[in-house]
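Okay, handing you the structure first.
Per-chain numbering from 1; labels A, B, C and D assigned in written order.
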Amino acid sequence: MQTADVKEWQEQKETLRIETFSDGVFCIAVTLLSIEIGVEVKEGMNNNDLLHALWEKWPICLAYVISFVNVLLAWVGHHGLFKHLHKTSHAVMIANGLLLMLVALVPFPTKTLGLFLQSNALKTAVIFYTGYFVLISLAFRLLWRAASKNKDLLVRRMTDEHIKQVTRMENTGLICNTVIMAVAFASPWAALALSFAMWVYWIVKG
Amino acid sequence: MQTADVKEWQEQKETLRIETFSDGVFCIAVTLLSIEIGVEVKEGMNNNDLLHALWEKWPICLAYVISFVNVLLAWVGHHGLFKHLHKTSHAVMIANGLLLMLVALVPFPTKTLGLFLQSNALKTAVIFYTGYFVLISLAFRLLWRAASKNKDLLVRRMTDEHIKQVTRMENTGLICNTVIMAVAFASPWAALALSFAMWVYWIVKG
Amino acid sequence: MQTADVKEWQEQKETLRIETFSDGVFCIAVTLLSIEIGVEVKEGMNNNDLLHALWEKWPICLAYVISFVNVLLAWVGHHGLFKHLHKTSHAVMIANGLLLMLVALVPFPTKTLGLFLQSNALKTAVIFYTGYFVLISLAFRLLWRAASKNKDLLVRRMTDEHIKQVTRMENTGLICNTVIMAVAFASPWAALALSFAMWVYWIVKG
Amino acid sequence: MQTADVKEWQEQKETLRIETFSDGVFCIAVTLLSIEIGVEVKEGMNNNDLLHALWEKWPICLAYVISFVNVLLAWVGHHGLFKHLHKTSHAVMIANGLLLMLVALVPFPTKTLGLFLQSNALKTAVIFYTGYFVLISLAFRLLWRAASKNKDLLVRRMTDEHIKQVTRMENTGLICNTVIMAVAFASPWAALALSFAMWVYWIVKG
């Protein structure tokens, strides 16, 4: 190998390493979500009591499902973004660290959503949850900005048109999440339904 | 490398990445199972009291062992399935996401089984637990359907006979798990014994 | 590549995958140990109270350190063992699964040791802890037996002398751990001191 | 490949494996930090009550952010250090094990900091936290000493000047953390502000 090749290979290895670490954070965040879910034992519970207790766990299970899908989509998005990079910069690493910090804390808004879904504090819980994903979208937007403003970081085959397309996609994600949060102020359930509709669209359209 | 080779290599890398992420979820789910298991300190406990307290943990330890084996077998099955794929589709990724969501939540039915194994709610706990693994079998069946209906995704050396064989295996797993759940309605302990017999068969026959 | 080469490469990839999964379990088990350690907030605590509360955590911290070292040594041993394998068998996978199941549950005896180190139940706690590592040694011995009885699994350069040497090492580990447990029946602190002496020996001799 | 190449390749694989395991510990430690953060449900909470309860979580969230950044910087430092190694020694493995043991326990000082940030025990909490990172700096310094005292372990292109430069960097880190801890004895908030200033410097200067 020539010196230039060695250097490029090392840069790619570096990028891969950051991607692997990020994958680990996504993977653990998504699996840790389940830790909170469980039924408490009370003395003298019979089969019907347990059935009832399990059934009452639906809000936290729903919150788990919503967050699992959201984090999985974020993982797919993160991977899609890193596919365009062949090396990283200081700014990319900082933006990526910010994103990971938010992803690792997803269990917090998830628990809050699950615990207050049937309470009088539903609106605050949904605004907090949807607002949290606005922050995640912002971190994604920041990461892409750090990556795209320096063309040296991008893979060679990427055209200006392609860059603009990714930018548009990141902006769309940010706008969608902001709209969902805005809707939550008016109607929390409508906001959750809108989230769900977005996934169905993504699943059907691909 | 020629363009066609590069493309194939990238698709394989993509498949590998999804497999690695899935491995991570299996690995964490299996290790998190142990978090719940522990003895509470009470004042003035002596050696015999602790021995007694440890002994009383057998139901949760049994549930842990059962789930560990089940998730490990699911991991082997997942790996066996992905060995036949050389690239993935949108449908495969969604089915795989569904499977991972279920695997990551295995600690919930495991805890329920462990906590209620000696209670009057035993039947509900076993039906919930065995029913949960019916869902996992269904997700596997769905994943294999998404993979096998598009022959482009499968590795080239796979014959129609081989595809049918895998389908049969997935169906057998689904049927076995459904039978175990059905038995649980009549006798929870018989259902657990049946699970155990299936493993022994798998260990001996290989 | 020729067909024989492809097959060998696939077998090695398979072995690597099992090793990576095992590494994951070791890695998570070792990190999860820390989850339990924390100080409870009581109202009106001042700087001295907190200092005192932190100091009182030394038994659980000691148990953490002991388990961290033990699991790390087990990881090194596991890796040393897999270095001799170039493919795996059904029996190896089952023995490895058993070992991982025990490793993933190490937080349970660790917590027990930490919580009862200063109590009247010290002896039971230490016997349980040291006995648990006898089980882990047994699982290692079983894994090596499954690997070494079929010479096809071992890397080609391994001589009979080398195989006997590894067997001796596994046996020594099992005997040492059994002796430590036996000592715990007479004196728990002597058993812990013996553990510690073994590490120092290992660190100095290498 | 010739025998010498094979040996070198194996040593590099070995180093990579230790690095991957270490990455896993960093990755899990950083993600586990979030487990403690959550709001308790009380009966009859309305939207304002939840908003208030979420707001009151700021100290633990601040502690989370501080630790996330610290562990991420430690990961970057760890990686920077291992980039200079092409094989490992017994001493390097022991120093690395010590470092990982400390990193895996970071959730303990983090919790302590978060829980006592608004209490009368603030000073003890900040001294404990900053003192803990002095220990981590010491472990880094030890690791680098074990690596640099044996030139066979270092990559060939590394000059004496470069080695001295890394030593200076490790010493600077250790001194900075010690100063921060010393400041905490006088004023805990000044110590936290100093930490923050160090990050800003690192982010701006790169």
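What we mean here is this: contacts are C-beta pairs under 8 Å (C-beta built on N, C-alpha and C of every residue); 3 or more make two chains touch, one makes a residue touch a chain.
Small disclaimer: the values here were computed from a predicted structure and weren't measured.
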item	value
Whole-Å gap separating chain B and chain D, where each centre is the average of the chain's CA atoms	35
Approximate Å spacing (C-alpha centroids) for the pair chain B, chain C	25
Chain A residues counted as touching two or more neighbouring chains	24, 28, 32, 35
Graph class of chain-chain contacts, one of line, ring, star, complete, other	ring
Every chain pair in contact, whichever chains are involved	A-B, A-D, B-C, C-D
Touching residues (chain side chain A, partner chain B) in the complex	23-24, 26-28, 30-35, 37-39, 41, 44-51, 54, 61, 64-65, 68-69, 72, 75-76, 79, 203, 206
Complex contacts: residues of chain C adjacent to chain B	17, 20-21, 24-25, 28-29, 32, 35-36, 90, 93-94, 97, 100-101, 104-108, 111-112, 115-116, 119-125, 128
